[in-house]
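Everything below concerns the one structure shown next.
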Amino acid sequence: MSGNERSRLLGAAVDEELARALGRVVESVDGGKVADGIPELADVDPDRFGVSVASVLGRVYGAGDTGVGFTIQSASKPFVYAFACETVGTDAVHRSVGVEPSGEPFNAISLDELGRPENPFINAGAIVTTSLVPAADAEERFSRIHEALSRFAGRELDVDEEVYTSEADTGHRNRALAGLALAAGSLATDDVDSATDPYFRQCSLIVTTEDLALMGATLANGGVHPLTRDRVVGERAARDTLSVMATCGMYDRSGSWAFRVGMPAKSGVGGGIVAVRPGEFGVGVFSPPLDEAGNSLRGVAMLEELSARFGLHMFDHLRVPASPVGSATVDEGTRSVTLELRGELDFLAAEQVVHDAGRLVEHVDARTLRLDFDDVTYVSEVAERLLRATAAAAEEAGLDVQFPGAPEGIDPGIR
Amino acid sequence: MSGNERSRLLGAAVDEELARALGRVVESVDGGKVADGIPELADVDPDRFGVSVASVLGRVYGAGDTGVGFTIQSASKPFVYAFACETVGTDAVHRSVGVEPSGEPFNAISLDELGRPENPFINAGAIVTTSLVPAADAEERFSRIHEALSRFAGRELDVDEEVYTSEADTGHRNRALAGLALAAGSLATDDVDSATDPYFRQCSLIVTTEDLALMGATLANGGVHPLTRDRVVGERAARDTLSVMATCGMYDRSGSWAFRVGMPAKSGVGGGIVAVRPGEFGVGVFSPPLDEAGNSLRGVAMLEELSARFGLHMFDHLRVPASPVGSATVDEGTRSVTLELRGELDFLAAEQVVHDAGRLVEHVDARTLRLDFDDVTYVSEVAERLLRATAAAAEEAGLDVQFPGAPEGIDPGIR
Amino acid sequence: MSGNERSRLLGAAVDEELARALGRVVESVDGGKVADGIPELADVDPDRFGVSVASVLGRVYGAGDTGVGFTIQSASKPFVYAFACETVGTDAVHRSVGVEPSGEPFNAISLDELGRPENPFINAGAIVTTSLVPAADAEERFSRIHEALSRFAGRELDVDEEVYTSEADTGHRNRALAGLALAAGSLATDDVDSATDPYFRQCSLIVTTEDLALMGATLANGGVHPLTRDRVVGERAARDTLSVMATCGMYDRSGSWAFRVGMPAKSGVGGGIVAVRPGEFGVGVFSPPLDEAGNSLRGVAMLEELSARFGLHMFDHLRVPASPVGSATVDEGTRSVTLELRGELDFLAAEQVVHDAGRLVEHVDARTLRLDFDDVTYVSEVAERLLRATAAAAEEAGLDVQFPGAPEGIDPGIR
Amino acid sequence: MSGNERSRLLGAAVDEELARALGRVVESVDGGKVADGIPELADVDPDRFGVSVASVLGRVYGAGDTGVGFTIQSASKPFVYAFACETVGTDAVHRSVGVEPSGEPFNAISLDELGRPENPFINAGAIVTTSLVPAADAEERFSRIHEALSRFAGRELDVDEEVYTSEADTGHRNRALAGLALAAGSLATDDVDSATDPYFRQCSLIVTTEDLALMGATLANGGVHPLTRDRVVGERAARDTLSVMATCGMYDRSGSWAFRVGMPAKSGVGGGIVAVRPGEFGVGVFSPPLDEAGNSLRGVAMLEELSARFGLHMFDHLRVPASPVGSATVDEGTRSVTLELRGELDFLAAEQVVHDAGRLVEHVDARTLRLDFDDVTYVSEVAERLLRATAAAAEEAGLDVQFPGAPEGIDPGIR
């Protein structure tokens, strides 16, 4: 056996875990009904079933039909929302669409007291969100959305033209929803079709579970695609998208979904679901038969399985944060203290640094404090403020403070 | 200046950050109305304002009136819920109370289609939750709840007897809610008072912002008090409580709260709010004047400030997970690979171990694989399964696999 | 054959019509479910079926089980409401209870924005209405209600003590509703039981379809019992009761009931329904099996049959009003015009008088106008104003105006 | 003073009563806000105020600005509904639109569980109703509606072309509502504009309070115009329209309107309201400033005034029905009884005839029974059945029965 084969055997353990989970769901969950709003959706093979998991570190695992294409449908909504937030700003988006769970089905027609669709994931809200993408016409609008969603996936996605045509032909209700939004002043264009046409097209994009997993992993990773390293959207747009997925992703089951599964998610009537363990994974599942709420029956079961067996619930086993202080060295002779910092410095990490530094300075009655930033990869604003304030206090107390390797702005001298 | 004084100066940076944030809120936010349901609440000094932050590592910071006592009111609900889940099991609790946001005020009287209050944080749901604590009578029930909430705080809490008496005297509506739950079969006792009386008492417990911060930190820490190291509730009860706080904690503003603040939270009409950054912090704030939704006006503003300025939104800057592989050593002579593992091994960490091990084994065509568990503090079930499966595959491929320091069960020999 | 037998044969036609209608319903409508909230109700014979019709002129007809007693249950609500309006005034009643259809089931727990039950026919509203009857305690309150309902029926009604005891024992929900109303400030007593106990008793009164028909006929007749001639309540209380029955009598089916049946009505879970054709008839039906909305299945069908086949829909064939001018005599010699008025003079009738008088005066260039009131039985306020104004104008124009037989106040001389 | 002048003085009393009522409203009610959805409505003189009352006997009275034209707006809905029911049948109409009060504003967008607008008076329901009028295109559809509404008014109505154009230009929401109805399968055409365009036009028809009063009087009169004697719609369509006006005419105030005013009614944002006292009067009022519910503020006050002071509440002072037996003659010699019948014979009247006939036959031991129909103007189906059955019974008992002047079918010989 070659080393290469050994490696493959070793690496297969995750795929095998996924395959076992898939098998359990196949055995225990049956029924549901394939979406039949349009004939093109009804013709799909109901037995297709696949799952993919992509980590923020760029590894992709899977089981079942991971390479089968299907239309993304409503699972496109979080990504178009993220793109709109990135393009025109979150505040501008939410002047036109709310952020409360509607407790209603996906095609609900209620508007909130400000005349906005209640959130960007009901159809009316998604159409409004689409309309917010700046463009001269329907074609340009879809072209921009197409490019954005392809970047989320890390490859160029195709449109299923038959599905698009059929949805456009029968989309009376969605056009009516757009008209209501127009009448209420929420639609960003006064040409209803220039919002609904790109909407029908974005719903008709063909994806695989791998695509959905990587799209989710891009959100999990703060907007950067784990493989292409392309920053598709900023951290704020990614955070806002996950927030909306956490409360509005599963229609009128948001509370129990957050309780049982605990992963921000979004489903589509094509049978796909995208779910995210923030900071860690994206998950894509696909199985066409739907439950009464319009979510993939086996897809939901698979995500429950992953949440329960893989510990993916976002509040499951909250990991004790790793210390940002890699090592602390005290030179008794010079009475200097050196802390080698590492990783990302956010509020919690900075608090640890400040705390440890204070304890050591006191312990050795230090004269010099050195905070080594060479292995630091990120400093948040509050962390910077804390470290600068600490440095200033230390200097005032007569210490010599040094920040080797620190990014500009941390240096207390440039306050 | 002594070293001790230097240390204090250094450590003061976090308190100062909090004080600045508090100052900004004092300047920019005014108004609101102190709760006046009972005279004892109306008499409170409206200008009191404090904030405390407690980390899972046990440090507590604060600014303003952090030592002033006030009645906990509805901020008791998550902790009684956690205690009930721990005592009778989450499933048993949810046979009697739902888990969907009600989109309604705290004293809403609607029951869901199963006759259950919609969630444990509306009054009806909290009374039902209280009734689920097994006890012979009202006194024993409150005694158990009193002990549990004191353990969450890390000190024995007192009851404000005047508030309790006044609430008991005027609690017609809450007794009626209990009666409705009894009629619907959700109340665990057929003596209404033996549920409402402990409920009135638990609402009358006196806390400070430090208490709330530590109670929240206990949830953030998976159920273990950061200072006393007392396991108050299990990980599952802590997770479930955070889930409910995330979707139902702020009444009919759950969506926008999750969006803007992004911390599971619960408020009380006494002016207190407890919020949690899971895995990191608990936060307690106190300011009596309330907004129309019954939440502390300045308390909400303070949490928005903390979320925005301290990066405490739970989806804010998702930290890249630290590697579980502290060091990897290859002995070219013996063709043995040693990975020193560290910290907590969950699914993500185990995947990294398996991935790195496979790559190295292939790279050096290794004959021996050693995974050193000495610095590992936790192994989740899925991580154990992955590591066992990988070890089995490696042995099958002819490698000698060793797990120095591994907990029982990881050892491939005992499969 | 004696004349007496002939008369009976002639009079039997109405009973026979009712019997045929009853037969059609028996043949075409089956199913439903006897109320089983308490065992005493579940034991009733489901095949009992009767209908009675009582006219405001005092004739009572019937078919089927017209003499079988059953508990009145919620069909008591209109009569207690009428009695409360009569006793404390309609305005006082509606400070505590609303008048909008709730669109909800009978045991709904919602209160309106003023803290009032939405109408007096949902349980909460009926309990509040009961509480408004002035009394020192529960016993006196029921005693007064008992007397009032007996007067509506024209005979002393009995209480089914077993039903009462059973409902009182299991009435947690109704007591809770009373508690909510107390908490909201709508209950007129702060002793919950002194409202619910009389409520349970009034629901347990035993009636027959004849009783219900006569109780309804009393409302149809403006508050006067057609046989005893007892004025049970005033015209205004009767009118208000019919208004509420018209919009809130059949729970969440008010619109379609008004549309299809068109008779103000109220049902009870005992299987009884009382319905009214205002100004003409009261109807009582009884058949225990209920539909999903809790209304007697065959009872509803019987009322639809009566509405359709007997023309009892209140907007069905609107009768052309009879002329109030019995005869008009012109004495050409004296140029005097005499109108013999008859019946009831309301706005429409007075307008006819004024119109006809004017036309005749002009036609004969009259010098004297005589309006003979001998056969007038009632003069409404607006009619009096119109007639007085007309008399004044006539005198001003030089006519001699005379009102033989007119009630005081009509006489123009006493303006 | 001529007789003619005397007559005018006499007849002026009703107008004067109305003028006094108008004056009281002008003095006591002020405020409100003229509709400003389109500029053409906003330009109206807010001080215009008029009222007209038309009786089923054809007299029309008024006070204030009775001749000022305004657009009918939503007050057109009952008449288009009546026309649709007449044209395609009530059942067909209600397969596409419900009959429950929606408890929501006029432009509500909810559909019931069958996908129908909840009633024909919310905008969506009115558009669906309009679509049900059979026509090849928008023009023909409006042409038919135009003709029907003109017949209701008794004169050809004009369209305000500016209002129509403006409403058509800004009618996004109404077109969207039509689209929703189309998507739900309720719209009778798949060309949205061929429903909304006639709808916009019918709302733009110009009427006066006299027109509205006569249109209402036509409904009050069972579908026959009191002046032109034109049967515009059948009795059933008139009855159904009154039923819907009674429960759905005033949006979310149906219960309190029925309670306080007690007249089936419909308002329009142009400031008009049409109300009906069934069987007696139609009322039209006009005053542009609206209350928050979108009803004419002074118009509502005027109808409350009329209801209270003129006794127009439909359950107010329920008139004792006039006897259908004009005279009863007994010829002792021939032992024959003759009853001279008069007016309209419905169930109540027939019962009186049967009852009186039986009593007399018994009293004199009669041999012959004569029911003289010369003055009878109408015989309902149930009345005919009762009289035929009575005749048959009488013949069987040996009496000679005669029906001089009876319509065919009453004659017992032709059973």
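Here are a few things to note about the model shown:
Letters A, B, C and D mark the chains in the order given here, with residues in each chain numbered from 1 onward.
To be clear about the criterion, contacts are C-beta pairs under 8 Å (C-beta built on N, C-alpha and C of every residue); 3 or more make two chains touch, one makes a residue touch a chain.
To keep track of the chains, here are their UniProt names: A, B, C, D = Glutaminase.
Bear in mind that the values here come from a model prediction, so they are computed numbers and not experimental data.
Bringing subunit A (Glutaminase) onto subunit D (Glutaminase) by least-squares fit of CA atoms involves turning it by 180°, to the nearest 5. For chain pairs B-C and C-D, the one joined by more C-beta pairs in contact is C-D. Mean C-alpha position of subunit B (Glutaminase) lies 60 Å from that of subunit C (Glutaminase). Rounded to whole angstrom units, the spacing between the C-alpha centres of subunit C (Glutaminase) and subunit D (Glutaminase) is 23. Multi-chain contact residues, meaning those touching two or more other chains, do not occur anywhere in subunit D (Glutaminase). If you sketch which chains touch which, the chains form one closed loop in which each chain touches exactly two neighbours.
Residue ranges on subunit D (Glutaminase) touching subunit A (Glutaminase), taken from their complex, read 109-110, 172-180, 182-184. Chain contact summary for the complex, subunit D (Glutaminase) toward subunit C (Glutaminase): residues 1-14, 16-17, 55-57, 59, 61, 98-101, 103, 119, 220-222, 235, 238-240, 242-244, 246-248, 252-256, 258-259, 262, 264, 278-281, 309-322, 343-344, 346-348, 351-352, 354-355, 357-359, 361-366, 377-378, 380-382, 385-386, 389-390, 393-394, 396-399.
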